Each structure stands twice: as structure tokens, then as C-alpha cells.
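By written order: A, B, C, D and E. Residues from 1 in each chain.
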Amino acid sequence: MSEATAPGQAPVEVRFRGGGFAPKANRWAGAVVFALAIAFVEWGTRAGWISALTLPRPSDVLGVFVELWQSGLLFKHLAPSLSRLVVGAAIGASFGVTLGILIGLFSHVRAALVPVVAAIFPIPKIALLPLFVIWFGIDEGSKYALIAFGTFTPTVVATYGAVDNVDRSLIRMGQSFGLSWRSIVLKIVLPGAMPGILSGLRISLAIAIILLVAAEMLGAEYGIGAYILEAGALYDLERLFAGVVILSLLGVVVSSAIGQIEKRLLGWRS
Amino acid sequence: QNRKIVVGALRFTSHAGSFVALERGYFAEAGLDVELKFFQAAQPMAVAIASGDVDYAVTAISGGLVSLADKGAIKVIGGALSEEPGIDGQKILASDAAFKAGLTSAKQLGGRTFGMTSAGSSFHYMGSKVAAAEGVQMSFKPLQKVGAIIGALKSGQIDAWVIVPHIAKPLAGSGAVHVIGNISDYLPRYQVTTVFTSAKNAAGERDKTKGFLAAFGKGVHDYNAAMIDKAGGEAGVNAMVDLIHKYVYEDQPREKAAPSIINGTMRLNENAALNVASVRDQLEWFQAEGLVDAKITLDTLLDTSYVETFEA
Amino acid sequence: MDIRLDAISHAYGGTEVLRDISLEVPTGRIVCLVGPSGCGKSTLLRFIGGLERPSAGRVLQLGSPPEGCLNPLTYVFQDFALLPWRTVRGNVSLVLEDHGIRGARADAIIADVLARTRLTDFGRALPKQLSGGMKQRVAIARALAVNPAVMLMDEPLSALDAQTRELLMDDLVGLWARQPFTAVYVTHNLAEAVRLGHRIAVLSRRPGRIREVVEIDKPLAERGYADPELEAARQHLWTLMREEARAADEELIDV
Amino acid sequence: MSEATAPGQAPVEVRFRGGGFAPKANRWAGAVVFALAIAFVEWGTRAGWISALTLPRPSDVLGVFVELWQSGLLFKHLAPSLSRLVVGAAIGASFGVTLGILIGLFSHVRAALVPVVAAIFPIPKIALLPLFVIWFGIDEGSKYALIAFGTFTPTVVATYGAVDNVDRSLIRMGQSFGLSWRSIVLKIVLPGAMPGILSGLRISLAIAIILLVAAEMLGAEYGIGAYILEAGALYDLERLFAGVVILSLLGVVVSSAIGQIEKRLLGWRS
Amino acid sequence: MDIRLDAISHAYGGTEVLRDISLEVPTGRIVCLVGPSGCGKSTLLRFIGGLERPSAGRVLQLGSPPEGCLNPLTYVFQDFALLPWRTVRGNVSLVLEDHGIRGARADAIIADVLARTRLTDFGRALPKQLSGGMKQRVAIARALAVNPAVMLMDEPLSALDAQTRELLMDDLVGLWARQPFTAVYVTHNLAEAVRLGHRIAVLSRRPGRIREVVEIDKPLAERGYADPELEAARQHLWTLMREEARAADEELIDV
């Protein structure tokens, strides 16, 4: 490899060959894409080459929003949905986290319940709607239960995965200093599992929002889900889309709220 | 004695009996403090009666209702909406595409696809009966939701459907679908909806149940008188529309809602009388189709001790 | 308090890891364990600390731990094992809390051990803000806080870069000079072993047996760079281990 | 700390304080739990303290199975569901993986599409059923589309996360050896993202199974979802549960199939 | 082919990392870069390899690479950077495939480089089956396969344990002795630097400047253990760096 340098040659600069493979998100571009898509549909529906059966006119959807806002119906629908979401997800997530931690800590619980959770996971919640009415009534109970049930399983799976991933060397450290079992769980296992639990919660809450519609199939008069269902039953696309947009916004809000919590609680991550 | 009861309802004119009885104080007169509970569909309402969340409700007879009766959960105690020759009732609809391809009357339904929510629904029953009467075979598409059926019909993916007039007429008016017949031509005295309650109420709460039926009956009478017999003339109709508008199409302005409400007018059985013959026919059809247990008898489904029954 | 290993043997499943290890760890001395990769050094250290139990043989404690000793057998780990969500102070106080030491008493202990490891200014820092050398000094401070009878150190310097290793070795020598401690010190690094060990036990390739125990009498403080006596000891150790180390390195790991 | 040993004291063995915090799953226990739960319900329904409205008798559910099997109806329902699942999930997953890789590789695509995907994620697919009828018809098209749509978003998110997580030092290595962009993508990025993509697929397929019921709301005569819906409409709990058990088994089978694929493809993971 | 660094300076955002570095890398020699943590050694190496561009200054290639050289500037990384899903052979053939070298020609090259790194028996092993020392030997084999004009080695031994480091250093000396190669060798380890370097450039703490360039004339093959000349050089380097290393280690990392 070592070879005499041809003496007369001029020095050349080394060729650059790095860079790339590090894409960055950019909020602006997202907004532009949305604006373009909306403008496109508006144009299409106005010009007629998108039939009114296929998509609503975005300006009409906006009109529905304005109407919802002015009539105060927006909050009449939003308030019960939010309370269902909060209560249901809180129940499901807290049971899920508790069980997940138990599974993560105790072999017996794990052996007994992991297969049960795995079997429950692929059950579609809407299939069980008639049963939920019998089990939990048609009032808020069944709505809470449905959302709680939907958030429960993914939370369990995420939580025990997070507990499993807690650095075992930290636990051995705790034992080597003679910390009590309780201290190890509270001061090492729980904080160590927190990142995994929170990112599981992100998914669980998205599922909770999706289940809102299913939950409000059950005798709900007000609620975004009920609103969407009614609009669907009447094939009223403007209102259907308005409802869907609200849910989508709700999803974005919830996800960025979790982002904030992560920033707060998990500042220690490098 | 102000007894609290929960009455289930859909936001349809066919539930006007309950609305009128509540608005005009007939329930209160009967010593009943009624709370109306609204549903998106009939099936959960039936389940809600079984679970005890709702005391009384009105809905079409379906396989699910019979099944719940078979489990000892509910009883049919009276009749509500009926077809009646001469009064605008449920309409058989054809999609525009099928209509242009020759489906202009129910006679041409052979080989067509017919929309329904699910097997064992009233749509299924009506479609089968029409096909049987015309001696043709149709295929039935379960689409679960009325919205999905309307979408499928408008876009020509199913050929035919049958639905209450206040939905049928605006659809036909838009030109996307066409009315090709009336159910009353095939099932002239069809008992479309019935009043039902939990088996426990029917057996153990006779006073309460009687009270409910009496008040409901008065509501029905007022409704029939105003809307069908036009006893109060134009003013009577308007007053009734105002009343119903509180519950049906409430999010639309009065002017827009009124035609829909008037279009939806159908006879409700006076005094909640029950057409046992029609109910028997429906039960036998469900059994013949294998949708419900063949051992179920009419007595399991009906408690005829409350209202007048008739066979027609 | 002395430690005595009494004919320890161990197997994980079918693989024999340690065979008939007997060793004495006298009070106030540093005993180094050297040996090729996978010969069972860490395993042996876990037995001494009571984190695992050998298949055969016993680990004995002779005498009782000194007054005020909260955790007689205390580890310093290769990967530091700091809780990333606690500050430097929090990491030290963690091991005091369970003994009911809080408030002023804890503050005094923490201030003392941070001073001894020259970390006084970094009490509020999080582990992610620290370099590797600093992290290991926090881990040492934490170990000192419980006033251990014996420190069990599993390659405490091997995750650090060469210069930091050099600096930290000086720190350890300084710590020991001010107040001699008893330690079992596992390492791959013969230079470390001859710098810090009063007694160096050389293990063979797996299954680990004791090949030789080398004593170095020169006081720690006097051991300097390029000391011919130490260099000779190191040469001797390296000849003992060279072939085994190469063979151990070229073993395929079956997974 | 160094203190003279009290001479007369007998040596004591070091106290064991390790172990624990390493739970292991155990197939057996899971089976026992299922058996117990089923026996309990059987007892309750026979004795009458579980009403027939609340839960079906397990032996009756078994009876339905036997009937389904003997009549051949089981396969009549299973075949179309499986084909919908396979086609829909294949479409959704392949689009999802493709888009996910594009997002992972190109800043512009990422900037434009990540917000769109985030907005689509919390939209409940059942809300869009009426639209799907118009867009894709009531035949197989809309069923494929619904399942594809449901698997698409989680696959995209999992895939671009997996691409992001490919060890950057491997990519730098490729660049330093002057590998072409194409080689780096095909030989480094794709294989490196495979574990993440597969574990994303695990979730996507569970969602696909859940969506089967929603998909078969649309004019399906045969299919497990249609069977469950009909049973629900008729309040026939035995058949409802039989259907749910089939879906749950399907979920377990799919998940263990992915486990097998992982074992095959990802044998290189230590 | 020589490399010349011409007044290189660099800043990441607001932090200045390197300041005015000029250095010559002559053909057939090993130039070591030593310096405290974070002083920009790896950054400098990335500039030389063309993976990044300095804010100011240029990296120049003098003369053209030798015949048959597929990749003039070739890295050996600290973390080995082996594709875990390819066997040892596959990892080597990866860098040949893009040059259209397949089949018999590739086999010949692979056999040659595996033999030179004593890996002939391990061609079918996956990285997960290899110890750290073996992994780094595979990485070196891969680098040799493209017949580089200059090898850029970023702390190639620092992820290994002390004994393996010792063994691999011998291997590198052996490789160079059989066929001298040109290399820029980044390390923290002064013992490595005096063992392998013909020329050792000492960088200061961030922002890295060249503090001194030490030349060691003794041929590599003759450099043995406890060589007083090398020991002196090492002592000298350590005095140059000691305070800076300590200061660099105690800097808080802001994240």
C-alpha cells in the first residue's frame, strides 16, 4: 500500500462523502401539506370533479365548526367525551400499570396472566358492546368500562415490558447495598420503568380516543363519538368530517401533552 | 306516588307516543316521573331493557328481541307503529342505477341485492316477505348501519331497500333513489314496532306497567288525532310538529324539520293494541330462517294481559 | 473483618465456571483478581458479596464488621450503576435512606464522602452531565458513605479511557493512603493490579482455578512509574496469562 | 473501617441477598388459569348465579364450535376473513413499510408526512365506514381498504422509528468505505431496521384482527366478524363468544408466527 | 500518498472544537493523535476521512493512492462497526461488492486478509459469537481488504479489555512489520501511542490545538516492554497532559 508519491502531482482536497441519513422534522412543511390538501379538495368539490358523495367541501366543514362553536354545541359534545376519555383512560391505565408492574415483578403473576392478556388483546371491543350494556349499564358506566378495557391491555403489555427493561445492574446495585425490596421497587424499578410506561401511555391514549366512537354507540346523546355516528347514519359528510377532525385534533393534543410530561419527568435521560 | 321510570326512545316520529305523553303530562298524571333515554339504534335499547337500565321502550321486532325474550329478559306488552292500507307507510326503494336498469316495481326484485342492517332485522323480514309474495329470490347485504345502507343505495352498490317514509321521501326527492312500492301492499297490517319491557316489570310491576301503557296510549291518541285524522286541522298539525321537533331533528330549524316530521307520519296503534297475527307471522319467519330457536312460543315473547289484542 | 473463600466451585447449567477456589482477604489489604475473559472473576465477586450462591464451597466472614459500618460488603461496579434520575447527592443518599439516615446526619456523611472524592462542587449534577471518571468517583463516594468493611470492585476503571484511568488510580491510592481499606479488586489490567494490589491472584481460563498468588510488599504510596520491581511482577503475570488470554479471546461464544 | 478482628469469633457465612427481579413466563400456569376461569363460569352458569344474560355457558360455546366444525361453516366463515386479513394487512403493511422508510431517509418526506400520519392515527376507522362504502364499494374492496388503512398508520410509525434507530455508526462505516447510497440503504439500513419493523408488524396485525369486525360490518355475509355481528344483533351469546374465541386464537397464532419469523430472520441478534 | 492538514479549525454551533491544526502524515508511518476527552480527536479524523467538513482549513492528499487501492482513506472504528447480520466473510465482502469484486476474486482477497488477521477459521461466525478482540480483528481485516492508502483508526483498542489490547497491539505491530502501512491512530492511551506511533501529536483541551509533536525514531519491532526510552517519552507526554486531562474530566456536560 505504501507507494512513493509521484513527485510532480499537485495536492488535492479529500473528497467529502459523509452527511445524510439524518432527517429532521419540520413543523412548517406539515402545515403546508395540510393547507395544500385542503385547498385541493376545496377546488375539486367546487369544480365538481370530486363528487359530493365522496368528500365534503372543506369550507362547509369549517362552516359546521363555526356553527358548532356558535351554538355552544361544541362544548356540549366535547365535555362528556372528554370526561369519558379521562375517567375511562385513568381507570384502564392505572389498572394496567399496576398489573403490568405485578407481572414484571412476580413470576407467578406473570405465568398466570401474560397468556390471558395475550388472549384478550386481539378481541375487538365493539364485538362486546351488547355484553357491556348488560355488565355495566347504558349510562356512563359502560362507556368508562369500554375505554378502560381498551386502554388496559396495551398499558399492561407496555408496563411489564418497561419493568423487564429496567437495567438489572441497577437492581443488583440496590441489593448489594442491602436496600429493602420496597425501596428497590419504589426507587429503582418504578423510575426506571417510567419512560417505557409513558410511551405505552401514548399508544393507550390514542386507542382510547379511537374507542370513544365505539363507546358512544351505547346510548350516548352527546359526545363527539355520538355526533359522528349520527352524522354517519344520516350520511351527513360535513358533520362527519367535522367530528373526525375534532378527534384527530384531540389525538394531537393528547400526544403533545404526553410529550410535555416526558420532558418534565424524564429530563434525566441523556 | 311519583315513581321514577326510564323510557327508551329513538329520535324518530314513530316514538311520538312517548314524546306527547311526556310533554302533555300524561305520564305525570299516571304518577310516573319519566326520564327519556335516547339511543342510536334499536338493538342496544333492547339490551338496555334486559339489563334493567330502561323500563319501557318501543322498537321493531327483531331476532335479538326474540332472543332476549327467550332468555327470560323481556316481554312485548303492546303494539305501536302499524302499516295501514291507505296511509303512507314504509316504502320500497330502488337505487337510481337499478331503476334505470329496469327495477321499476317490486316484481323485478328477482336476483337483486337488498340492503339490511343485519340478519334478523325488520328489514330482513320485510324484504323476505316481499320477495316471497313476488315469488322471487334476492340476496341480502348486511351493512349494520342505516348510514352505510343509504350510502350503498345512493352509489348503486345495492339495488333495493325499504325504509320509513320520512327517510324514504327526501331520498327519493333527491333523485338518487326511486320509490318502487309500498310495504302495506304486501303486509297490510304489519305490526312494525311494539311496546316492550323487562320480564320483571311485566310480571311484578303491573300497576306501573298499566300506568305507563295508559299514558302512552293517550299520547298515541293525540298524535293520531292530530297528524292522521287531522282533528285539529292545520293548527293541530303545527302544534304537534312543534312538540315533536323538540325531540326529532332538534338541531335543524323548524322550517326544515317540519316536512320531515310530517312525511314520517304513520298510524300508531290506539291504546297500544297489539296485532298478534302479525307478531306470530314474524316469529314464525325468524324460526323458519333459523335465526332464533325453533322451540320459542308466542307466549315467551308476548304478555297479552295488558292491552287489547287483535288478529289481522 | 477478613474474608475467607473456602473451596468454591460453581457451574452455570452445564458449564463449569469456577473450580476449587480458596483465598484469604486480610483486613486493610487490597487483593486483586486477574484472569482472562470469562474465567469467572465477576462470578466470584458476586459470591463474596452474597449476590449469588456457589454450587459448592463457602464464603466466610471472620470477625465482625467495624463500628458504624452500614453495609459490610460494598460493591463498586464497572458500569458505575448510578441512578440516572438522581443527582450526585441523591445517589449517595439512596444508600443511607434505608438505614434511616436523613437530614443533617446524611448531609454530614454526604459532604464528607464528596470531599474525599473531590466532588464537593458537583452535588447537584445529574449523572448524564458527568464524564465517566466523575461517575466512577460518585460510585466510590457512594460506597464510602456506607463505611464498608470490604469493598468489592469489579473492574472499576475498565469503562474509562486510559488517561482517566491513570487519574483515578492515583485517586484510589490517595484514598487508601489516608485511610487503608480492605478490597477485592477484579481487573484485566496487569498494570492496575501491580499498582494497587498487595496480593494478586491469577486465575486460569474457564473453569477458573487459582494458578498463582503473587504478593507485592512495596507500599502503595511508593509504587511509581517504570518501577523495575513492579515491571518485573507485571512481566511475570503476563507470561502466566498470555497464552490463556489469547485462547480465551478466540473462543466462539455459543448463543 | 479496617478494624482488628475479634479473635475468638467463629467465621460466619456471608448472607445471601441477591436473586429475584427476574420473572420467567411459564406456559403451564397460563393454561391452568384458563381452565380454572372456564370451570368457574361453567359452574356459575349451571348453578344459576351467573345469569344467562351475562355470560354463556362454556360448554354451550364448545357446542357451537363443534357445530361450526361439523357443518363446515367454520371454514366458510374463516376463509373469507383470512383472505381479507391477508390481503388488507399485506396492502397496509407494504405501503406502510415503504412510506416509513421514505420518511426515515428523506427530510422532505418526513417534514411533509409525519404530521399527516400523526393526524390520521387517532381517527377511528368505524367512523369512516359510510365513506368507505362510497370510496371502495361494499364488496371486498372496502374490507381490504379498511384493514389496510388500519394497519398502515402503525406500520409507518414503527418503520420510521426503526430506520431512525439504525445504528448511525454502521451507516458512517458504509460511507467511509465509499458504498453507494443504494448499497447503504439495502445492505445496512433495511436489515438494521428489520427488528423494529417486525415488532411494529406484530401490533399492526393485532389491529388488523380487531378491525376485521369493523370491516365485516360492510355487507359481509360470511366471515368471523360478520358472524360475531350477527350473533350480537341476535343477542346469541354462545355464538358471540365462539366468534370472539376464534379471533383471539387467530391473534395468538399470528403473534407466534411473527415470533417464528423473528427467530429465523433475526438470529443474528444476541 | 501523504496527507497534509492545513490550518484546520472547526466549531459545532457556538462551541469551538478545533483551532488551527496543521499536521503532516507521511507515507508508511503511523501518526498518533493523543489528547484529553472531547478535544476533537475523532472530529479531526472524520475530516481526514472526508466524513465531515471543517469550518476552515483543508485536508490535502499529496500524490495518488497506490495501484489496486479500492478506498484510499479507510477507517477502523472503536466500536468495530460490524454488520451483526453478516458473517465475518460477509462483513469483509460487503466492502468489495460495491467495487464489483465477487466470486473467486473476492474469495482470494477475503482469504488473504483473514489469514493476515489470523481469522481463517472464523469466516462463518456471526459477530455475536466473537469476543471483542476478534471483532476488532475482523474490522481490521475488512479495512485491509480495500488495500487502503491510509488507515484512520479511532481508538481501535479502547473498547477491549487490557489483555486483549495487549494482544492486539502485538498483532498491529506484526502487521506493520510485514507490510508497513500509513495510519492516523487516535488514542487516549499513552502506552499505545509510544508503542505504535512514529510521530505523536499532543492536542490540548477543547478547543484542540497542537501542543507538541513528539517523534520516536526507534523501529516498531524493537520497542519492547519497560523500554526506558519509551517510558521517558510516555512520562513526558503524561506531564504535558495530566492537568488538562483532569480539567477535561471534570467539565460538566451540558445537555
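In this text, a contact is a pair of C-beta atoms (placed from the backbone, for glycine too) under 8 Å apart; a residue touches a chain by one contact, two chains touch by 3 or more.
As the structure is a computational prediction, the values presented were derived from the model and not from experiment.
Asker: Can you name the chains that touch subunit A as well as subunit C?
Answerer: In this structure, the chains that contact subunit C and also subunit A are D, E.
Asker: Which pair, B-D or A-B, has more C-beta contacts?
Answerer: If we tally the contacting C-beta pairs, B-D comes out ahead.
Asker: Could you tell me the distance, in whole angstrom, between the mean C-alpha positions of subunit A and subunit B?
Answerer: That gives a centre separation of 40 Å.
Asker: Approximately how many whole Å separate the CA-defined centres of subunit C and subunit E?
Answerer: Whole-Å distance between the two chain centres: 31.
Asker: Between subunit B and subunit E, what distance separates the C-alpha centroids? Give it in angstrom.
Answerer: 84
Asker: Could you put a whole-Å number on the gap between the CA centroids of subunit A and subunit E?
Answerer: Centres of subunit A and subunit E (C-alpha means) sit 46 Å apart.
Asker: At which residue positions does subunit E touch at least two other chains?
Answerer: Answer for subunit E, listing residues that touch two or more other chains: 49, 51, 73, 128, 255.
Asker: Mind pulling the residue numbers of subunit B that touch at least two other chains?
Answerer: Residues 43, 47, 50-51, 145, 147-148, 150-151, 154-155 of subunit B each touch two or more of the other chains.
Asker: Would you mind listing the residues of subunit D that make contact with two or more other chains?
Answerer: Subunit D, residues with two or more chain partners: 17-18, 53, 129-131, 134, 172, 175-176, 178, 229, 232, 235, 270.
Asker: Touching pairs of chains, which are they?
Answerer: A-B, A-C, A-D, A-E, B-D, C-D, C-E, D-E
Asker: Note which residues of subunit B are touching subunit A in the complex, please.
Answerer: 37-41, 43-45, 47-48, 50-54, 145-148, 150-151, 154-155, 251
Asker: Which stretch or stretches of subunit E touch subunit C in the complex?
Answerer: Residues 36-37, 122, 125, 128-131, 133-134, 155, 158, 161-164, 166-167, 187-192, 225-226, 228, 231, 234-235, 238, 241-242, 245-246, 248-255 of subunit E touch subunit C in their complex.
Asker: Sort out for me which residues of subunit D touch subunit C in the complex.
Answerer: Listed in rising order, the residues of subunit D that touch subunit C are 1-6, 9, 11-19, 270.
Asker: Where on subunit E does subunit A make contact in their complex?
Answerer: 1-4, 27-28, 46-53, 58-67, 69, 73, 147-149, 179-182, 255
Asker: Under the stated contact criterion, what part of subunit A meets subunit C in this complex?
Answerer: 169-170, 172-173, 175-180, 183, 187-188, 191-192, 267-270
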